[in-house]
Every structure is written in structure tokens, then in C-alpha cells.
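Both of the next two complexes hold subunit A, though its partner changes from subunit B to subunit C.
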Partner chain A sequence: MAAINQDNHGLRLAMRYVVLTLLAVVFIFPLLFMVMSSFKPDLQLLRDTSSLRAFLPVGDISLNNYYDAFARAPIGLFVFNSVLVTGVTVLLSLFFCSLAAFSFVYLNWKGRDLALTIIIATLIIPFETIAIPLLLLVSKLPWIGLEGVQIGWLDSYHVQIIPWIADGLTVFLFVQYFKDLPNELIEASRVEGATWWQIYRKVVMPLSGPVIATAAILKFLVMYNQYLWPLIVVQQETYRPVMVGLQYFFQLNISWGEIMAYLTIITVPVLAFYLILQRAFIASIASTGVKG
Partner chain B sequence: MASRLTTSNRAGWGFALPGFGLIMMFIVIPFFFAFYLSLTNQRLISPNPTEFVGLSNYDRLLSISVLTIEPEVDDTGAVVRDDDGAPQYPRVRSFTRNNPDYPEYAGMREWFRWHSGDTAKVVVATDVVFWKSLRNTLMFVLIVAPVQAGLALVLALLVNQKLRGINIYRAIYFMPVVVSIVVVSLLFRFIYDGNDGLLNNILGFLSFGWFEGRDWLGNQDTALGAIKAMSIWQAVGFHMVIWLSGLQTISPTLYEASSIEGASKWQTFRYVTWPGLRNTAVLVIIVITMQAFALFAQIDVMTNGGPLDSTTTLVFQAVERGYGKQDISGASAISVVLFLIVLSISLIQRYITRAR
Partner chain C sequence: MKLGMTLSAALVASVSWASMASAQTELSMWYHGAGNEVEANILNKIVEDFNASQSDWTVVVESFPQESYNDSVVAAALAGNLPDIIDVDGPVMPNWAWAGYMQPLKIDEAAIEGFLPGPLGYWNGELYSVGLWDAAVAMVTRQSTLDALGLRTPTLEQPWTGEEFQAALDVAKDSGDFEYALDLGMAWTGEWYPYAFSPFLQSFGGDIVDRSTYTTAEGALNGPEALAFGEWWQSMFVDGYAPGTSQDPADRDTGFVDGKYAFSWNGNWAALNALEAHDDTLFLPAPDFGNGPKIGAASWQFGVSSASENPDGASAFIQFALQDQYLADFSNGIGLIPPTAESAAMTENYGEDGAMAVFFDLTQAQALVRPVTPGYVVSAKVFEKALADIANGADVADTLDAAVDEINADIDRNGGYGH
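Showing the complex of A and B:
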């Protein structure tokens, strides 16, 4: 009897792994196809889709698509633009949103509750519903640059950065986290004569590692993957981020091998980053759930 | 709030101002601006001053009507029929163009029609493309929200098992979430391709060649469905993780108790797991609904709204008009309609799922 039970158990365990693995294949195969295809010449790439060869590094494998992709488009510039815009926005967002949240949680001032209510209410506004009015707004805003005062923010880095610095979700995440920090710490520093700025910098922020990671990862994903906003505010190639730079590959003779190479270049670093920090990524998404 | 030490207006305002100011400037003001712009004839670049036009943008968007058309009759009063016996109808155009008898239909076009007996009922609208985009958006949300939430829950239950290596599976299921939807959309153009697409090949292989390939994105009947499936594939891992965090807040003692009581797996899920997921369920549904209403990149990369407007969406129309045609006011009116729909649906969801 015992042996039968054990077999049964082993079989059920194996079945579970079969199900899990089949699902894993479903989630992985398009990405595998992308990477493998990036090494193949166009003709072979298209022919291979009719068999499992589509997912294998077989046939005429080379880096030619990568050379050609770099020759066709200023990929380095696009990547630089995306990294710059993403990096600056994430840093400024962490600073301004945590500072505001600090004020909402620890300081008592006139209009505070109303301001926080407004910020929470913005969570229900999808960006897509304000994109067009925002486009008109930024096209009329003045900017003081090296060449003096200009009207209109279109075609610049700042138009991709400034509107994305502060958002309701980031403030909300910091507010939730700060509320759970022990109050005694802040009161003790206050008694010792520390200023609010010192408390923010020396007491609260050093304790906020987890929420900083969460907010940074969420903002990173939003910013690096930006599409609609740069599509409508950036015309010049000089400021184009990676997702909009893709348009380059659809002008004149389309080479799918080059497109796959470009997609691999802009995706694989993010995937690698994700796989290294996998736990932090998943924890950050999970924490938006628990708090909600 | 945590502490109310002293009132410190200056520090309080100073700290909150940059963040709050940016949110006001770039979220709240554009939001109200959309309502205002939708009442004007604002264009992105125009030599003429902007004028206030009242509700005419909404009037144009929302005008819809049903036109009843009787079949043509010959001199004897009999219905004119073609060779197949189908009744012949006067053209819709004869009612909607320069017909002084029917001023209420002026400028409208046919959206779709149905027949009751020999009478044809024709739904006509001034802005047929808008109505199609509204229908497509609602159909997208209606399918994607429940299916994605349900599949995400199934995945969460699967990866919540205590098995060796389960973290690897969890990481793989989540992987598409970190990949840009633009990249995913391009890859799926290959998968859905009509000639040598991966999907056609896989289905052909699984059915031993019985399945004949089709052009998934080039066909009105399958294009939106294909985009729905891809969108679910891309984002399901996100919601799996949210469900998972909900699952992990359920106390293990409840499971022990139900196992002592001899509850079946289904009973355990029904009476222990599901009640414990109530708050998570509300969150997941609201978040998916909001994301689904914002459908844009997939359409822009994969179909451009086609074939025959079968995949166009509200956001796609707003962008095409506001940016493509520089018609800011028309786009703003669509945005306002979209926002009001999102708002009312999330209020309804909150009401239905309110704590009792």
C-alpha cells in the first residue's frame, strides 16, 4: 500500500512540474524567439518560424544584424536618452515625493489634509486621459535655457522628465511606509533639537530602504518603457528615447533581423537587471497590493 | 496622522510644495483643462483665436439614432426584391444628406443595421469611428479584466505551492511585465502573422495540419481578440504577484483548521482562501480595469486601429485626433468621456465590493 501511495505522490508531483513548466514555456517563447532571431539573416529568420528552429541558435548565426542596426540608427544616442531621462526622473521623484510624504505624515500644517486628499484622488486619473491637454500645456510653457527664454517645452529632455517627477502613487507609497515607522525616533530627535530637514535626511530616509527600492523600481519601469508621451512631444531624433527610436527600423527596406537585434539591445539589459534583482522587483509590486 | 507635535506651517508647506506643486501642475490642471478644452474649438497650432463652442464637441461625438427604413415598393405596392428574395432598401444616404424631411439625421453615417421583418433598423451616428472605439474599448475591458484577474489568481495559487524551485517559475511568469509593451507588440506581430506566423505553425502542428492558418491581425473578427490575448499574456504576472501578496497574508492556522475539519481543496479555497482575498480582489479588478481602458500602444504598434476600425480605441482616437490632426478640443472631449466612464465604473466596482 505504502509503495502505491508513494508512486501516486511522485506522479502528482511530476504532473505539477509539467504544468508549471508548460506555463513557463508560454511566458518565455516570444522572448527566446526575439533573442535567437537577432542572430539570423532575414531569409532564415522567416523560414525558421515554421519549425522549432525559431527558438534555437542554428543555421547561419552571426552578429551582422547588430552591426547593421547600429549603422542604420543612432542606437547609442537613443539608449543614452532613455537612461538619462529615466535616471534623472527616478532620482528627482524619490526626493520630491518622499519629502512631500514626510511633510504629510510628520508635520502639521494648514491645508495638509486637503492637499493629501487631492493627491490620493489623482490615482484615479489615467495618464492617457490627460495626455492631450498636457501636450497643449507644455507647448505653451516658457523655459529659460542657455539661449534665453523660449516658449514651448517640446523637443527637449525636460519635457520628458518634469511632468513625470511627482505622482500620487509614489507619494502614497512613502506616506504608508512613514506611518509605520516608530514615532519615538522622530520625537526623540526633535527633543534633541534636530531640524525637520535633519530628521528627514538623517533619521527617516536611512530607514526607508525598502520603500525607496519599491518606488524606484516602479518609476524605472514606467520611465524606461515610456511610449505615448515621447511619441507626441519629441520630434527630433536628438531627444528620442528607445521605444520611439524603433520607428527608425520601419523606414525604407525593413529588416526583421535588425529589428530583433534592436529589441534585444533595449530589452535584455532590463531583463538581466530584473533577474538579478528579481526578489526586489516582485516585492515592490506586491507591496503596492498589500497597502492598497 | 502619526504625530501632531506642533503646527509648523512653514516647514510643512516648504517640504510638500515641490511634490504637490508638480502634481497640481502636470496632473490636476491638465485634468480640468481637458474639461475646459472640450468646450472650445482649440487646435494645437492655429492662427485663429480659440472660441467657446459649448457642448457642440460632445454633440458631434455622441449623436446617435436609429433610422427605420421600409423596403422599396413598386407601383403595385409589392416589396421590391433582388434575385435572392432579399428586400431592396433606399440608401441611408437619401435620409442623411440634404433631406429636409429628416433634419435630425443630417450628416450621420451608418454604423450597423438589423432587420425586423422586412423593415431595416439602421443605427446611424455622426461620429461612427468614435462609437466603434467606444465599443472596442468596452469589449476589451469586459474580457480582459475578468480573464486576466482569474488567470492571475490561478498562477498565484500555482506558485504559492511549497515546491523546490518554485521561485524560478514565479520569476519566469513575471518576466513579460518588465518588457515594454511596445516590444511585446512587435514580437506578437510575428506570432500572429498570416503567412508564417508562429501561432499558425503551432496550431497547424497541434492539429496535425488540419488547422488552416489565418491572418490574426488582418481580420476584423480576430484582430481585437488577438490583442486581448497578448495584453493578458504581458500583464498577468503583475496581478499574479498582487494576488500572491494577498495569499500570503492569510494566516496558516486557518488552513490547519480547515485541514483538521477535513475540508476538500475546493472547500478550503471557497471558505478560507477566497474570503481572505477580498481586499486584494477589489484592488486587482480596479487596477486592471484602469489599465485596460488606457489601451493604446498595442494598437499603435500592431494595427493602427484597423482593419476597418475594428481595433481602434478611445485613447487611440484621442491621440490620433489631438496629435495627428491637431484637433485638441475633439480629443479632449473623448478624454473626458473616457474619464467619466473610468470614474463611474470604479465607483460601481467600489459599491459592489464595499465592506458589508
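Showing the complex of A and C:
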């Protein structure tokens, strides 16, 4: 009997590994194709697509596509712009959205529920529907810079950051997480005489690592993949992000090898950011799963 | 003393330079060629020459990727942020002029004398844009293919008739030597469809819209001639002459060179690759389906934005850029067709006996600009979808009727687009 159970267990384990391996292959192959193709000349790259060679570092392998990609576009500038805009937006978003969520969960004020409902309702509004009104708005707003007061935010970093700081999803994530924190902690802090700011800074946020990681990763992906917004508000190359930069490679005669090299380069910050936060991200997903 | 005089001279020189620099008014220019180093170098050379040639204006270029350029311009127009000089794709120009993004050019007529019609952008009887090059398509094949299939070589004077072309496709298909007889480039989408395929429709006698009024597509896109075109078009895919919308982009790029196709409908920008692969490559004129052989015309052109407060300076730059040497430089650099015979003679490929001189002749003899109407930007997309649907087996008459309804509804919504 025990032998049969052991056999079943072994079989189930093997099946599980087979399924997981297949899933891993499905997810890893596009990345593998991208990286391998970035080392191949176009003719070979296109011919290899019909066989498994597409996923292998075989044939005429070189770094030429990388040299050519750097010659075609200021990739370093684009990556810097994207990392800067994304990084600042993520930090500001975590701060302001968590503050808003703190207010919704712990403070009593008139219209709180209605305000939260409205904020969460914004989740169903596609950005494309508000892009033009937002463009008209930011093109008329004043900004105080080094050269004094200017009208219009176009062609700047802040036009890519400020409209994206607050968003319904991040507020919602923090609200849900804060609601599950033990209320006794907050009450005890109040009894001890802590201010709301102290409670936010020293009690609630230190306990919120998983939701911070989740919100940060989701926000990072949204910001790093920005295309439409920077396309319409940024006309100077100086401020262009990576996704708009990708268009530099779509010429009359497209060099797919250069495109793959560019994609490989701009994927690195995303992978690095995810790897740094993955433990907390998984912890957050796991903890969300067992609650309820 | 000497030092003092030297310093004084330097001071005077620097003040003079500074006052000259400040006297120059800056003209902003947007260009669609970001990522194309060759194009950028040629344009920068023209700008440098212009800036050095006079003391009134300084042109400053901002380059955009071509794929997203139009969206950037439309957004900037909405935000009131247009530059002085813009470049615009020829068939899009009437829309931008009608929408108020552009103003007419103020250039000397002599500067555009002898230009091919494609690079001249007219709207409402006024010149709004001028191109430094044109583009053309041809039926690409090999002399050895024609010989092996026993086909005569069509000429500009005597292109293939529709029947001859069909017979050529039949014999190529029946030979079994090719995966497909004809590569139409269905893997390419967007503007390629109206640019490359509407000339077939026009050769049949139809069109995307009725050019006599530009206020309807009725009769032009769903009349008997258009139906005949639609049936022929569908037969190309249903009967296995050409790969359809699922064509692998890799095959579009290398299929002809690899010998998968007997004929390839392709542009002059791909001609050098074909010539390098096979030295007996031929560029044949479009077949004549009854109303004359046609190919598309008009590429990117320069114009002045309506927001420019210095249209004289902007026009002066554009006129400066029309010198034969620059037209030849662009042709040599990016392989496109120079717009004048004089500049063609100065190029490597389009001069007498040049490898691609035939494209200049093709443009001169067969080119027809796409419908000159602001509504083209919409009707082109409707046309593209209709052709893809027909290629995929949709009923020809129903599809063309639906396309006509959609185009007409758009024209009505926009009050006839000023026609």
C-alpha cells in the first residue's frame, strides 16, 4: 500500500514538473529568442525563425547588432530617461497613494467613502479616453523652473511624472492591505500619544513591505512601458523614453537584429527591478491568497 | 600694447559675432528621420549650409521616428506647439492643410521647374509642400525567369496587358519552380496597401474616391471596374498565385532573393538588395488592366506650419534645400528617386545607364498621386481593410459597398472636407 502511494506521489511529482517545465518553456522562449536573435545577422535571423536554431546561439554570432543599435539611437539617454521618470514616479506614487489609503482606512472624514468609490471607479477609464484633454491641460499649466515661470509642461520630465503619481489601482492596493493590518496596533499607538503621521511612518509603512513591493512592480511596469503619453507630450529627443525610442529602428529596411539588441538592452532594468523585489512580491501575492 | 589690441580685436569680433547670432531668428524644424543616420547627415548638411549662407535665419532640427511622427505632429497641433517647418507624407498633406496645421509655401516657381509631379504637394490650387525625392514600385523579376518561362520583356512603351500578366502568372505557377508566382507584399500593412495596390484598381478604371468631386466613393470603389478589380484581386490569393495576409514578413524581405517568387511587387528602396543578389534583376512596368499602367507617387515633403511666425524664413529654407546637389545627395544616400532630370543625372543609380534609372522613367510615365483630399487619411485605412478582407475571402461586392458607405459617412461627417 505504502509502495503504491509512493509511486503515485512520484508520478504526481513528475507530472507537476513536466507541466511546470512546459510553462517555463512557453514563458522563457520569447526571451530566449530575443536574446539569441540579437547576436545574429538579419538574413540568418529570419531564416532561423522556422527552426529550433532560433533559440540557439549558432551560426554567425557577433555583437554587431549592439554596435549598430547604439549607433542608430541614443540608447543610453533613452534608458536613463525611462529609469529616471519611472523611478521618481514609483517613489512619489508609493508615498502619495499610501498616504491617501491611510486617510481612507484610518481617518474619519466626511465624504470618505464616496471619494474612495470615485477613485476606484477611475480604474475602468482607459487612459486613451483622457489623453487629449490631459494634453490640453498640461500644455496650459504654469511651471516654475530655472528660467522662471513658463506656461506649458511639454518637453520635460515632470510632464511624464506628475500626471502618473496618483492612480486608483495603487490606492486600492494600499487600502486593501491597510484594512487587514491589526487595528490594535493603531489603537495602541494612539493611546501612547503617537500622531497620525508617526503612526503612518513608524507603524503602518514598516509593516507594508509586501504591498509596497507589489505596487512598486506594477507601477514600474506601467511607467517603463509608457508610449502614448510621452509620444504626445515630448517632442525633444532629450526627454524621450525607451518605448518611443524603439520606433527609431523601424525604417524602410528594418534590421530585426538591431531591434532584438535594443529590446534586450531595455529589458535589463525591468528584470533587475523584478529580481530585487520578487521575494516581497511573491510574499504579497501569497499572503493575499490565504486571506479572506 | 599688443596684448591690449589683440584683446580689443577679440572683443570686437566676439561682440560682432554675438550680435549677428542674436540677429538670426531661430526656425524650428521637425523631421521624420530619427534613427536613419544617413538621412540625418544629409539633412544636417543642408541645414548647416543654409545657416551659413545667410544671416537672417537659423534652422534647428528635431528628429522623430517615422512610425510615430504623424501622431506627434497632430498632438503638437492640438497643444499649439507646432514648429516652423514640418515634413509631411505627400498623401497626408491635404488633411493637414485642411485641418489648419499648414500654410501655403512662398517659394519661387522656378525652384520647382522640371519637378516630377509626385513631390509637389498642391491643395486647393496652392503649393503646400515639396519633396526632395519620390518613390516608385515596379514588378521585380529576373531576365532568366522570363527566359525560362518564355515570356516577353514588357517595356514602358509596351507594358504587359492584364491578359499577358495573367498568362505570365499562370505559366510561373504551373512551372512548379516557385512557391508562389507573385509576391504582393501582403506582410506589409498600413500605407503600403493604398500606395501599392490602388494603382491596380485605377488601372482597372476604378479609384478609392471619385476624383471629379472628392465627395463620394460611390461608383469609383464599387462600380463595375472596381468589382472587376476586386474579383481579380481575390483570385490572386484564392487561386494560389500570391501569399495572402498571413505572409511571413521574413519571406517578404528575402523571398524573391531566395527564389520563392517569380515576380515581386516592390519599391525602389528594395531594388539595390535585389540587384546585389541577382545581377539579371529586372524592374518591369506595372501591367495595364485597361486604363493605362499606374503606380503610386509622392513621398515625404517639406512644408511650413500654420503656427510659424516666420513663413518667409521657413520657405527660404525649403527653397534652399531644393538645389540639385542636395536632391542628388538624398538619392545617393537613401536610394530614392531624385525629383528632377538634372539631379537624377548627378546620382549614382538614376543617371543615364544607372542601375535604377528605370524607376525615374517609371515615375515619369506611370505615376499617379493618391487622391488629393483631406479624407484620404480615412479612406486609405478603409481601403486597406477592404483589400485585406477580400484577400481573405470576403464577398467582393459586399465588401466594396461597405467600404464606400464608410468613406462616404466620413466625408459627410466632415462636411465634404472643403471640396
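Basically, the second predicted complex is superposed on the first by the 232 of 292 C-alpha atoms of A that agree within 3 Å, B and C clash if a C-alpha of one lies under 4 Å from a C-alpha of the other, contacts with A are read in each partner's own complex, and residues count from 1 in each chain.
Going forward, contacts are C-beta pairs under 8 Å (C-beta built on N, C-alpha and C of every residue); 3 or more make two chains touch, one makes a residue touch a chain.
Only a predicted model underlies this, so the values are computations on that prediction, with no experimental measurement involved.
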When both partners are placed on the shared chain, which of subunit B and subunit C touches more of subunit A: B
Which superposed partner A:Phe27 touches (first subunit B, second subunit C, both, neither): first
First, second, both or neither for A:Gln247, with subunit B first and subunit C second: second
Contacts of A:Leu136 with subunit B and subunit C, given as first, second, both or neither: both
First (subunit B), second (subunit C), both or neither touched by A:Gln236: second
Contacts of A:Lys202 with subunit B and subunit C, given as first, second, both or neither: neither
First (subunit B), second (subunit C), both or neither touched by A:His9: neither
First, second, both or neither for A:Leu46, with subunit B first and subunit C second: both
Footprint overlap on subunit A, comparing subunit B with subunit C: 46-47, 49, 132, 135-136, 139, 231-232
Residue ranges of subunit A touching subunit B (in the complex, touch as defined): 13, 16-17, 19-21, 23-24, 26-31, 33-34, 46-47, 49-51, 54, 96-97, 99-110, 112, 115, 118-119, 122, 124-137, 139, 162-168, 171, 178-179, 181, 183, 186-187, 190, 196-197, 200, 221, 224-225, 227-228, 231-232, 243, 246, 256, 259, 263, 266-267, 270-271, 274-275, 278, 281-282, 285-290, 292
Subunit B - residues contacting subunit A, complex: 1-9, 11-20, 22-24, 26-31, 33-34, 37, 42, 44, 155, 158-159, 161, 163, 166-167, 169-184, 186-188, 190-191, 193, 196-198, 201, 233, 237-238, 241-246, 249, 279-280, 283-284, 290, 293-294, 296-297, 300, 315, 318-319, 322-323, 328, 331-332, 335-336, 338-339, 342-343, 346
Contact footprint of subunit C on subunit A as seen in their complex: 42-43, 46-47, 49, 71-73, 132, 135-136, 139, 152, 154, 231-233, 235-237, 244-245, 247-254
Partner subunit A, residues of subunit C touching it in the complex: 30, 34-37, 62-68, 71-72, 75-76, 78-81, 248, 250, 253-254, 267, 269-270, 273, 334
